[in-house]
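Two complexes follow with chain A in common, the first pairing it with chain B and the second with chain C.
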Partner chain A sequence: MSQFSLFLGKEWREQARSFKLVWVPLVFIFFGVLEPLTYHFLPQILDSVGNLPEGSDFTLPEMTGADVYASLTGQYQTIGLLVLVLAFMGSLSGERKSGTGTLLYVRPISYAAYYMSKWTAAVLLAVVSLWLGYGMAATYIVQLYDHVPAFSDMVLFLLVLAVWIGFVVTLTLTASSALPTGGAAGAALGILFIGMMIDSLVGTYWTWSPWKLQAYGLAFLTGSPDSGDLAGALVMTAVLAALLVLFGILQARRNAAKAKV
Partner chain B sequence: MNMVLEVSGLTKQYDGFRAVDGLTFSLAEHTATALIGPNGSGKTTTLSMLAGLLRQSSGSIRFSGTGKDPRSAIGFLPQYPNFFPWMTATEYMELAAGLSGMGGRDVRSECEKTLGFVGLGDAGKKRIGGFSGGMKQRLGLAQAIIHRPALLLLDEPVSALDPAGRREVMEMLKELGESTTILYSTHILNDAEEMTDQLLFLRGGKLIEKGPLREVREKHGGSGYRVLFSGQEAAERFADAVPWAASADGSAVMISGETVTMEELLRFASEHPAGITDIGRTAVRLEEIFMKVVGKP
Partner chain C sequence: MSFTEQLAEIPWGLIWPLIVIQLILMTAALIDLNRKRSTNGPVILWVFIIIFINTLGPVLYFTVGRRHS
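For the complex of A and B:
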């Protein structure tokens, strides 16, 4: 059996036995259910718990299916990313700190197989969780809203978001490879949120960036994205992710010496 | 004799601190070598460099006949082995075997055999998180030997065990020593005395004494003789009469082995037999040598 398969089997077991395989998808599913229900029943919610003065009258905009997906994407951009970073921030650094990595590093292992097995397991879990969240949202959106996006647009949207989530997980794993767990979380979240800030400030001039992917993905639901910019952003994300993977593998090898003995 | 490992000028330098300073030694095939020294003397750092965990600042480590990656010929047991608590012992052994390059159908039976050898035959399906310290130490030994390494590096292999467990593990190591070269650090000097072909004394990262136990003993007080008497008075009379360095200790007289041979002692005893009940050899204990060698400022 190849080292990659051995490591991947280990990662799979770890995700199952630490219940990561359960709680990460559950968080995404929870928001996927909550978002369409909240918007649909907002008038009733305000009536019953809003504690508004007598005679208050609000006109709420009519939400389309695409609007709810956009709002859910906003939730996933904050809470979703936070959950993913927290779930994977100790993937490599935790094994160094606890000393569980020591008995792996003294064997003739391939650090590429070691890193890539973690990457594969983490990206799969993150992307499937994301898709389950949107899938759950779709079941309610189809029932409760008009103007539901076409299935083919939905697929394209989910594929583009999967690339973005893959980038987020890669960044987190590489940070975990290079830094202690706390530093990894700080670095990953810092880079992600600083990137978002820069995107919101000068995003118009920064069209080929991973941070643009969620906007380009959403454009499939609301109209059609600029295919040139989307392709540019996808290529840029792939190149950055590949560089991060390479750096992560080198750091995993270099930092093996820091494992607790 | 074939050398398994040759170390020359091995040094590990940290910022402003030299943890290991110019170690030179070699390990012959199928021998057991004890690395002895007080806390902070560089034992763990040395073993970590040999295991490939740490890169040396200078010096060379040469393994013979180990192929491309020397780590495939090494088994390593840290002082406090840490395992994935959610794994079972058998799963861990299979992972260790696979990562060491073992493959095929026999892996599972090899794992079970090795777990049986270290006394964990019934614990294979249990999660490691529920293991006691002693069981973890045994599993640590099992994962270190699963791939039948040419060189076994053990950092304080029995320090976490109770006396019965220590005895069992020492017996296992002796059995392994017949087919494997062992380098182990210890501060339990009785164990070192029991299973050692060569001693390496470390202090402040430097190798301050090395050699076979017999040679080291001879160098630091060597052996001597103990003559037992029926009473203290007879012992004191004998101690006064002998022409060599001797001291009475209750009903025994201790005579330094540096000044007299057994033949001379027996001849003298036959001429002065009063009260003698037993004559035997004594050897200076390793603990005394340790204090002499390592305790020097």
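For the complex of A and C:
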């Protein structure tokens, strides 16, 4: 336990010094600001950059608060995931390569504490960034749109999304533990986006998957999701994440030998 | 419409967070670049990317520009 808190302190300093503590939340906040503004000012934006022929007329759909959250979630599903994977792809593989690893691995450290400290720091940063992004979006949506989702629904939505983001970060860290940095990013992004493709193809039948979580979360904003499916997906995600953590710890120990001196 | 009227029409109350975020990201990226001076590709190229590409520039620097060594 003392090793864990020691490693956690090291992760904290590492995140502060590489400015991850600054830029990861800011990217999420940026999209949280941009998305509601873009939809609110869409008519003016079309007017000023449109190059539309004379007399063309659009009827834009009336966006509700829930629609904007859904669209923002779509942004986070692509750009947000990309940012998270790129931010954490080097967490373990980078230390093996840079020589920080050698300083650690010659000592009798617990690889479980080593991996879990990285996992805790990364998941905390990712989830807090995501929540800050939605929080910022909420301040705009409350001011600019009608039909704002209730606060309790928002909390449930954010909790479900936090599980999904936790899964994404776990996958990235395990990939980073098993593969070199470039391979880790490729593997994590590949699995995430191929999973989304499979989900869009057979998602109707495969209701218990981590990739379904954001859809179930969004369902809280407009009504409520099928509670059985949601519970199944949550359990499935937790089991997969636990397996990934175990695999990641084993790989971290095995790959310690590959550290550059 | 004169230039000052156009300026006054911009809803600054809604937009200022975007500008502040851009400035913070840019400063953080430039401080980090100045401290490390080891990037994938020429340093001066990254200075221009950070300053002239809005928001995406600093993020690109932090993700792919920094050499992780």
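The rule is simple: the second predicted complex is superposed on the first by the 260 of 261 C-alpha atoms of A that agree within 3 Å, B and C clash if a C-alpha of one lies under 4 Å from a C-alpha of the other, contacts with A are read in each partner's own complex, and residues count from 1 in each chain.
Simple rule for what comes next: a contact is a pair of C-beta atoms (placed from the backbone, for glycine too) under 8 Å apart; a residue touches a chain by one contact, two chains touch by 3 or more.
Model, not experiment: these values are computed from the prediction.
Steric overlap between chain B and chain C is absent once the structures are superposed on chain A; the two fit side by side.
When both complexes are overlaid on chain A, the residue A:109 reaches chain B alone and has no touch with chain C. Of the two partner chains placed around the shared chain by superposition, chain C is the only one that A:34 touches, whereas chain B remains out of contact.
When both complexes are overlaid on chain A, the residue A:136 reaches chain C alone and has no touch with chain B. In the superposed pair of complexes, A:98 makes contact with chain B and with chain C alike. Annotation: apex chain A, arms to chain B and chain C, angle 80° (C-alpha centres, rounded to a multiple of 10).
By the touch criterion defined above, A:87 lies against chain C but remains apart from chain B after alignment on the C-alpha atoms of chain A. Once the two complexes are overlaid on the shared chain, A:261 sits against chain B while remaining clear of chain C.
Looking at the shared chain after the overlay, A:3 reaches chain B, while chain C stays out of its contact range. When both complexes are overlaid on chain A, the residue A:13 reaches chain B alone and has no touch with chain C. When the two complexes are overlaid on their common chain A, residue A:26 makes contact with chain C while staying clear of chain B. Taken over all C-alpha pairs, chain B and chain C come no nearer than 8 Å in the superposed arrangement.
Annotation: chain A residues 18, 98 touch chain B in one complex and chain C in the other. Against chain B, in their complex, chain A makes its touches with residues 1, 3, 6, 9-10, 13-14, 17-18, 98-100, 102-109, 256-257, 259-261.
The touching residues of chain A, counted against chain C in their complex, run 18-20, 22-23, 26-27, 29-30, 33-34, 37, 83, 86-87, 90, 94, 97-98, 136, 140, 181. Interface residues of chain C, counted against chain A in their complex, comprise 14-15, 17-18, 21-22, 24-25, 28-29, 31-32, 55, 58-59, 62-64, 66, 68-69.
Taken together, the chain B residues at the contact with chain A in this complex read 44, 48, 51-55, 69, 71-72, 74, 76, 78-84, 86-87, 91, 95-96, 98-101, 103, 140, 143, 155.
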